[in-house]
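Below, each structure is written out as structure tokens.
In the two assemblies presented below, chain A is common to both, partnered first by chain B and then by chain C.
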Partner chain A sequence: MITAARYELRMMLRKRSLWVSLGVIVVLLAAVGSQQVREVIRQDDPKGTMLSGALLVNIFLPVAYGCLLADRLVRDHRLGVAAILDATPASPVARLTGKYLGVCAAVTAPVALAYFGFAVAYAIASGRFAALGWALAAFALVLLPAVLFVGAFALAVPLVVPAPLFRVLFVGYWFWGNSITPDTMPTLAHSIVTPIGSYPMQELLGFRIRGGETIAGPVPGAALNFLRPEATPVTAWLSIGVLLVLAALALAAASVRPRR
Partner chain B sequence: MRPLALWRHEIRRAGRAPVLGPPLLAGALVVITWADHPLRNLFVFLELGLPLTAGLGAAALAGRDPAAELQFTMPTAYRSTLMRRLAVIAAWTALVAVAISAVLLVADGWPGTRGPVAGQLTWLAPGLWLGAFGLLAGAALRIPAAASGIVAVLWLVEQLFGGAFQQHFVMKQLFLFATTQGAAPEEWAVNRLTLIGTAVVLGAGGWLLSGRSYQEESE
Partner chain C sequence: MRIDIDRLTKRYRGGVTALDGLSLEVPTGMFGLLGANGAGKTTLMRILAGLLRPTGGSVRVGEHDVTTRAGRAAVRRVLGYLPQELGVYPDLSAREFLDYVALLKGIDDRTERRRRVGEVLEIVALAGDAGRKLKGYSGGMRRRVGIAQALLAGPRLLIVDEPTAGLDPEERIRFRTLLAQLAGDRTVLLSTHIVDDVAQTCRELAVLASGALVFRGTVEELTSRASDRVWSVITAGPAPTGGTIVSAVPHAAGMRYRVVAPVSPAAGAETVEPNLEDGYLALVK
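And then the complex of A and B:
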């Protein structure tokens, strides 16, 4: 498992597409969203700045790395190496787990580079070094669970639907499930299964949108409120746990399904 | 290869994503919003969903053929092959859009602010723009996964930072979702024509880049 993870990590880190696409996207975000980025940086509060930054990163970058990871498992079959790998002593489950951990570690690298780069630049420019602590906390509680959740589904679902179709459906899901306000239409946003980490962001890190608006918990009159228990630290940990369990289930399904 | 067989082949090679994506996304949207204004959301889908599927489909065209180098040795230019597949995506997207428009018109779900003919620019302009951008990104990178990610994030950025686009003169003209985010009629027309004009430029760039010969490239 460790060997598979290490090899997958090295292979991914050498992929031009990983750095090119995430680099282009970070530049695009900085250019198009410069006003939003400036507003985030201008906040006096290092906690607010780092959490707003984490939210921006977690809304946009998973779309990119979800698209990137969509062919990682099916390509073993496309390249004709799956049968050879099956003949090795490593068990399929261990290889799958290793591949999963490897690709998640690999996409974490550019995400961490972008986010901590922003945190360090802010800390140096403002002299508020507490920002680095908040950045670490947001990374562990919000960004990492999103990587683990998206990584699992991006590996598993293309075993059932072709990778390009998965990308179309994934982008649609990501927008619908994370960005649409629950009073507009039935959505998974604001719920414990929201991979942008609404509950931990709000309850474990104390994030509030300007004006005190909440991003987690029940919304009066909205559908699917059964997925939005009262936002508390306990439900925030529950949210992280549910995301990790769903990721594990997706991987378990991938491990038992015969690949094409 | 006879024309019919050729086009049948190109329809298969254009991929399942741009063919299955629009009906699947539109169907899911109607089911999700069945109890609350499904027709209004179907109209929104014209401007949001169809350009996304066209853009992602176009981004995945270049770099997917297992032996593209061989195609460069053929009398037919490889870029012509890619353009045929792009035409398949465009035709299918247009067919779905016209079908949805017809449903909206019959069911009285077409918004009164736009006529049914000029209103087709709701999907046509952003669809052409994102399709051309996808072609350019795909031809430049030749890595469908990377090009798809860039198209997807650009789409999401425009959707979520719509306010910022509306405030800036140049960005306002290039804003993909001017219909659903409430542009004034005269600004809307300029926006649509600008999108179509710039789509031609992006498409020309994609066409030029898709003619580059393949060298040793790794994903």
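And then the complex of A and C:
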């Protein structure tokens, strides 16, 4: 497992498109959304700034790394490497787990670079070094579960649908399932299966949108409210747990894909 | 390491029968497997390598039963496999790729792994290019990386599927010589549709057609199947129509045809000494 993780990490980090695509998104976010970024940075409290930043990162960067990871498992077959690897004594489950952890670690690197870069810049500019602590907490409770959830599905789903189609579906799902206001149309936003991390963001880190608006829990009149239990610390941990269980199930499904 | 195959059957979804009750014994040493495309060679290789499960029958590799999970796992520990569709990770160097495969093969000690990787790179004459990314390698160089990874853990069974496909003549000769040298006390199963590769390296061989065994014996025995059935015809007229034309070479008097046929295919035809290719054609046509 460690072997596969190490080499997958190495190969993914050498992928130029990883750095280019995530870099472009960060630059675009800073340029196109400069007003919002300035608003985020101008906030007086380091907590609000770091959590707003985490939310911004988690809305856009998973779109890029989800698409980038879509070929990681199927490419073993496309390149013709799968037969060589399958003929080794190494356990296929351990190899898959290693691949998963390796590619997740690889996409975590630029995400961490962008986010902690922002945190350090803010801390130095404002002199509020508590921002670094909040950044660490948001990274662990919000950004990391999203990487693990997206990584698992980006590896597994292209085994049953072509990778290009997965990318299209994934981008659609991501914005539909995370960014749409639940009272406008049925969506997974604000629910415990929202990988953007609404529940932990609100209940474990105490985040509120300006004006006190919530981002987790039941929305009056919205469909799928059974997926939006009352937002509490327990349901926040449950949300993280559900994401990790779904990721594990996706990987388990990928590991038992039928052999001819 | 001896291989015993008994009434082996493989049916794919959709009803395609790739192997149809195949029984075969493969002894230690170099052994050739010939057959047209679609004869079932690759399916057999993949079953022996533990990558496919048979539909019926039994396969024993040494003392291991390949139809069981434990047997397949045991075979993988003594196996070196070069698949027909060979691929590599383009973003790794040859040394890194081999290091990765060596780790997967259980060579955990770093010093030992470096030594083995260095050895196999020397064997396939790639030591000088080992640091280059594989995306810059030619097809022949990639094939050599393929054989290098197969040799990493000192396999007792080496399965090579169409290893010389796509190689230039010089590389082909070099490659098959290497395989023959590797045979020694291990079993090397060479699957190919290039008859000359078997003629130059194997003493014994089997021929598959439509998933069944149609010949098992020595190279001489298969060659003798064409005795008194190989003809040389020189003509300026139309090509002979009886039998199978093996070759057509321009000649001062027109064309010289080499024909495998049970009776003289044209007036003036002379019998010539058969080779393995003639024997193979006499068998399957």
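The rule is short, and it goes like this: the second predicted complex is superposed on the first by the 257 of 260 C-alpha atoms of A that agree within 3 Å, B and C clash if a C-alpha of one lies under 4 Å from a C-alpha of the other, contacts with A are read in each partner's own complex, and residues count from 1 in each chain.
In this text, a contact is a pair of C-beta atoms (placed from the backbone, for glycine too) under 8 Å apart; a residue touches a chain by one contact, two chains touch by 3 or more.
Note that the structure is predicted; figures quoted are calculated from it, not measured.
In the superposed three-chain model, the partner touching more residues of chain A is B, compared with the other of chain B and chain C. When the two structures are aligned on the shared chain, A:140 is found in touch with neither chain B nor chain C.
In the superposition on chain A, contact of A:27 is made with neither chain B nor chain C. Touch criterion met: A:7 reaches chain C, while chain B stays clear of it. Of the two partner chains placed around the shared chain by superposition, chain B and chain C are both touched by A:15. Using the contact criterion defined above for the overlaid structures, shared-chain residue A:59 touches chain B, although it does not reach chain C.
Of the two partner chains placed around the shared chain by superposition, neither chain B nor chain C is touched by A:124.
When the two complexes are overlaid on their common chain A, residue A:85 makes contact with chain C while staying clear of chain B.
With both structures placed on the common chain, the touch criterion links A:249 to neither chain B nor chain C. Residues common to the contacts of chain A with chain B and with chain C across the two structures: 15.
The touching residues of chain A, counted against chain C in their complex, run 3-4, 7, 10-11, 14-15, 78-90, 95, 259-260. Residues of chain A that touch chain B in their complex: 15-18, 20-22, 24-25, 28-29, 32-33, 35-36, 59-61, 63-68, 70-71, 162-165, 167-169, 171-172, 174-176, 179, 185-187, 223. Contacts from chain B toward chain A in the complex involve residues 15-18, 20-21, 24-25, 28, 32-33, 35-36, 41, 49, 52-53, 56-57, 60, 141, 143-150, 152-161, 164-165, 167, 171, 218-219. By the touch criterion given at the top, residues 12-13, 46, 49-53, 73, 76-77, 79, 81, 83, 85-92, 96, 100-101, 103-106, 146, 149 of chain C touch chain A in their complex.
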